[in-house]
């Protein structure tokens, strides 16, 4: 397990890197929280008024002090107060993250449930029409911008069927499972299509390679049927590249969620960051971006664990 | 197609189940921008004011055609020399915790607004108050440093809302809602949704339903879709391109009301060549205001001069060069020494208003016809506001807020000591003296004449080129009646709404 | 067997190459001004006109010809994609190669830095950069390049590590060839295959990101058209003027499809096993 | 009763309708308990023929185009359905493949890959399956079977994995066993053990065995009948003694004579003289050690002593053959001399950097596929800082001619055959006219007949340019042909060294004796190999371990052996 241990040790290092990066980046953005809040009216503030507001927003200290105070707070689990929401950043994250997480997991599920079988199916029928059909669909899936998909979905549903996934509010799974699914199925489809296409192509390529390997030939020489050989011998090996792809792709899902949440008006974490940047809410941007980066690293760790579980060569290392 | 069919029915069942059916007497409202804060004294963003007007109450209120109506104050009058203003409070008025609204609360509220530490941006409108007395629990007398008729209008803005003195001491004004308005705030998830319920013993009378469920849908096409899907009963729309689609959908009604805020092309007179009067006038003559209105807002609005409030608005065709006259424009340019035109940049904010990009491109193509070559700089809202406040632009496409009273609307730009002088980049004695006259004049007819003269001079000096006013749009499903829009865009009209099956 | 011949014999390669060729011609015509109408000219009488005789693809809100704007838009979007991916390739290759060659500290530092960038959702990273630098074509290029550099670094570092162990590198070492010679002549020339495949896929992805950025109002600025901008302009007019949405959306899809097909074909052409099948 | 009779079998590859035929009408028979050897070089169609018998060729894009292959006088494999074939494979026909390291599923435990046969084919369940698997491993003499079942394939050696393969093939109690070059990837001592195991198991089960190989010497000890194939045709077949002693087809004669076979010292070179020449290369107690398990935050677990105090020297015009099995440290020694591996101790004296050049094992991997012949040959010159002028171009042309390659400088490596590419590597190594050539398994990757031609070329070049060769190889027959002197390496140390003639004909060190005994040769027929399962000694030593100094015993004028007993 030393491989995974080494990855764990890298966590704080990368997180520190991210925290510095986002802290500096958001402060380089012109304009501050006061202009964001008051707009053109902020010109009416007298210097004294501006100072008192700046103090309230914590904009008056120099950067190093602000970073120091934020970092110390971070270590005690206090991500600071969001100016625009008037709530602690950690509370906003806890409220908004379930939606984005569920959206990302649902699209990942869709991607894997559609992508993997399609990829394997296509690989076993190489050069036959069904292989071509799967590849074309995968290609189109990967080529359509997700916001076009989202726009069309809303238009067709509201005009054609007079129904729409609930907007503005999150229907938690615990309260109303059917409502929750109804709300998230469409955004998850819009977000997950490109991912499903990628999984199809990766699993198809992996399966093609694996079916040519010696150990598959050995399995066949034992008299096992084609489906058993695929399911028992080929698939476990094909999962490895798919798992790796899912790790990287999960990062994109969190990013892609920003646009899909905007169009479907879902109060997720993706939109919070978008608004926070526009509102110059420093504490919120820093907190949420750090949280998303943390998630990304956790997901990659899970991918590594899955990697080790799938492939003993990693788990035991070289004998 | 079977998969799609089952998918859609799943969504249908889910959606219907969720949107609270009309029966439970909740009004589902949708709009695209959420309040940026909850302190009535410091908030100026339109989205914040719209929400706070339902939770707090000022002393008086502006009616559908901007006449002064009672709110917390039952009655009011100026002294004969208009230097003192006395209000008599409605004894029935109570805060949401049942405590009565007293003169002490009014006094504490105004002291908070006038205190610089609060950062109340509308403070400039009340600086003429020199003293506040509370002879008894229900009377408040304001001493003014001089005759100031517009202050009564100022008292009608939510920025002058009355908050409990106890809340001011506790410093909870921005975080806890304790107003005397028709609704109380049950729950709010910023940038997502909010729930309001009716305040039973609101002194303004009963309301025909139990509460309002607000959804923030940033994408206006989504608002239209939610109206169609029955998820929203009532909605506010900014973008005329979307609003004009509402009448097409069956079961939806669109109400339009002219607004006070005005679309304007601000010129920077402190920079060459805009410093030349003839150049500014040439620009004013070169633009076809109606054509820009037709293209950018699909004609949804009216060409206007500087004054937009109904009481003072005049017929714009009487103003300088309000008919496009390209030859005169070229002639003015040559007289100013710019026969073969010049090049400049025009700045606009992304999506603020939604039609900004379109307006910039139309202005660019129209001015190109007389040799003025514009390059467009679209900026993110905050960056735009920073440059706007610093006056750091050649030209700027803007949508500026209007006020019922011309003085409170323009004293910040067109008076010698207006604090947004560096945005106006132009001042002369006539403008300043007319503004002061208008401030002190108590007679309505005389005031109207003063400001008409002020408007003509402004159009002629053309520091800015006023274009048109748009509409505020509200859309509702059948069964929602009784809403009356106002030029200020206030949603106070929701108080009279009735819901029927 | 010539490389191009193999590419054209490959099923999806042929389609991909044709699609990209068509768009490339359109882009060149667009950028050199040979469009049916002036993309910026506003025809007051023909506002929001459906596709017809004079305007084959209809007009937009200001009466500008959609077809001409599309041709310029393709040129604009291709330019952004090519420049940003080019930048990412150069930086990624240098980082990837040096990380693979020096290993130990430098490799760790480079990979950790890439982890930091990768842990940022792409759109947010682009958003921050655009917010700092202000919207515009150059910022989109830098934003997309920064987002894509980590991917190129990894695509180069992996194969470079394995190439380093190949005998012809050992042979070069025994001759005493210089480090620069080995890195360029031996490692780089053999990385052309994975790099080209990644470049075509990156171009497809860059087109989508440029469109997304413009959709959020942060990409290329009006009045010069880009595919993303035309898409976002058409958003509120979806019902009144559907052609304003359909044509740009179809063009983006086909362009991205073209690059993906090309990428797939290149992968087969470069892979010796499948190359033989192509004769 | 004939177990399998094949008549006029034709097999082809490619899209149905216009396949390219690879096997053109082969016929043979195998009786129960009988061993048929199919011998031929790569590309002769021997593997395709075998894979056609159990129709595995279908999965490789191939098809049986014609002929009959009747199994057990009841089912014709050529026309059987896939369902019928699935009942045949494993239960009736077992198969063993060439590369044990890749023939087992890397992500599944070894046990799981054996259990599934008993569970699926024999319907066993629960504990019975585990017991059957343990018995299967005992049967192929794998020690400590229970623990091995829970190991993953990458934790086992090549020899051990091949035993697992045999256990799996026999688990279904097949009546016909097909072994496709089962020992080619293994060291010679392990190869002998596997051959012995196969012979014994065949006697035990009475199954028919088809043994496919390119090394005719190997089958002499095992086969009853032999079939020689060339270019997809059967050129000769018959009982083993008749074919080996009186070959009728000239290709069979070529396989027997031209291809190097070990003659226990008779076929050594007679042209070397050592006296009076200063050494071109001298190595004094060279050691190379690798820390294992070191790295971040953890102390090293141990040190691998790959090379432990090796000394020898090399005189111009002389070839020193270094022989040893995998893991003996022979390649590491070669790489250390060229500084590709940093030696931990020892002294290497040469006449300067460009005086020593190296030729690697795999010709494909040692030529950059993207460089033309001109660039490939020019690299050493550029590296040495000289300009590629006309004299250098002339040298290129003369060298290309000398190694019998076309003079076209603009061709790419993939346009040459394996043998040609290795000759190009030799030409490149000679560009700076070195004094010493280090040849690391230089011919092992080539076809047998091509090997012979390259060896002759090397010998001619040695005579012409007076080169000294350090020839590293695991193949005793090849070393016998080219080496003047031989050094035998075991566990990183020289155990025996001296003139080739003495060492090969009269080996005195126990390890050398065991090594030479295991080498198959045409002369020894149907012998039964002694089965011993001792594994190669591990080189992992505790930290700070220093081997005791070596003591030598002189046997002959130029022949001595190490006396400390092998630890």
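The chains carry the letters A, B, C and D, assigned in the order they are written, with residues numbered from 1 in each.
Following the convention adopted for this analysis, a contact is a pair of C-beta atoms (placed from the backbone, for glycine too) under 8 Å apart; a residue touches a chain by one contact, two chains touch by 3 or more.
The model shown is predicted, which means the values in this text are computed figures rather than measured ones.
Q: Mind listing the chains that sit against chain B and also against chain C?
A: Per touch definition, common to chain B and chain C: A.
Q: Counting C-beta pairs in contact, does A-D beat A-C or the other way around?
A: A-C
Q: Quick check for the class: compute each chain's Cα centroid; which one is farthest from the centroid of chain A?
A: Measuring from the centre of chain A, the most distant chain centre belongs to D.
Q: Roughly how many whole angstrom separate the Cα centroids of chain A and chain D?
A: The computed centroid separation for chain A versus chain D comes out at 50 Å.
Q: Averaging only over C-alpha atoms, locate the centres of chain A and chain C and give their separation in whole Å.
A: 22
Q: Quick check: how many Å separate the C-alpha centres of chain C and chain D?
A: 48
Q: Could you give the separation in Å between the centres of chain B and chain D, each centre being the mean of its C-alpha atoms?
A: 88
Q: Residues touching two or more other chains, restricted to chain C: which are they?
A: 131, 134, 235, 238-239, in rising order.
Q: Name the residues of chain A that each touch 2 or more other chains.
A: Touching at least two other chains: 29-30, 151, 155, 159, 262.
Q: By the touch rule stated above, which residues of chain B touch at least two different other chains?
A: Each of 219, 221, 380, 383 in chain B touches at least two other chains.
Q: By the document's touch rule, what are all the touching chain pairs in this structure?
A: Pairs flagged as touching, ordered by label: A-B, A-C, A-D, B-C, C-D.
Q: Show which residues of chain A lie in contact with chain B when the two form their complex.
A: Chain A residues touching chain B: 29-32, 35-46, 48-50, 52-53, 56, 84-87, 92, 95, 151, 154-155, 157-159, 161-171, 176, 178-179, 181-183, 185-186, 262-265, 267, 271-272, 275, 278-280.
Q: Can you list the chain C residues touching chain B in their complex?
A: On the chain C side, the touching residues are 40-42, 44, 47, 61-63, 130-131, 134-135, 217-218, 221-223, 233, 235-240.
Q: For chain D, which residues are in contact with chain C within the complex?
A: 335, 338-340, 353-354, 356-358, 360-362, 365-371, 375, 379-380, 382-384, 414, 425, 428
Q: Could you list, by residue number, the parts of chain B that touch chain C in their complex?
A: Listed in rising order, the residues are 219-221, 239, 241-242, 244-245, 248, 291, 294-296, 350-351, 354, 357-358, 360-362, 364-365, 376-380, 383.
Q: State the interface residues of chain A toward chain D in the complex, per the touch definition above.
A: Residues in contact with chain D: 2, 6, 9, 211, 213-215, 217-225, 228, 232-233, 236-237, 240, 310-313, 316, 318-319.
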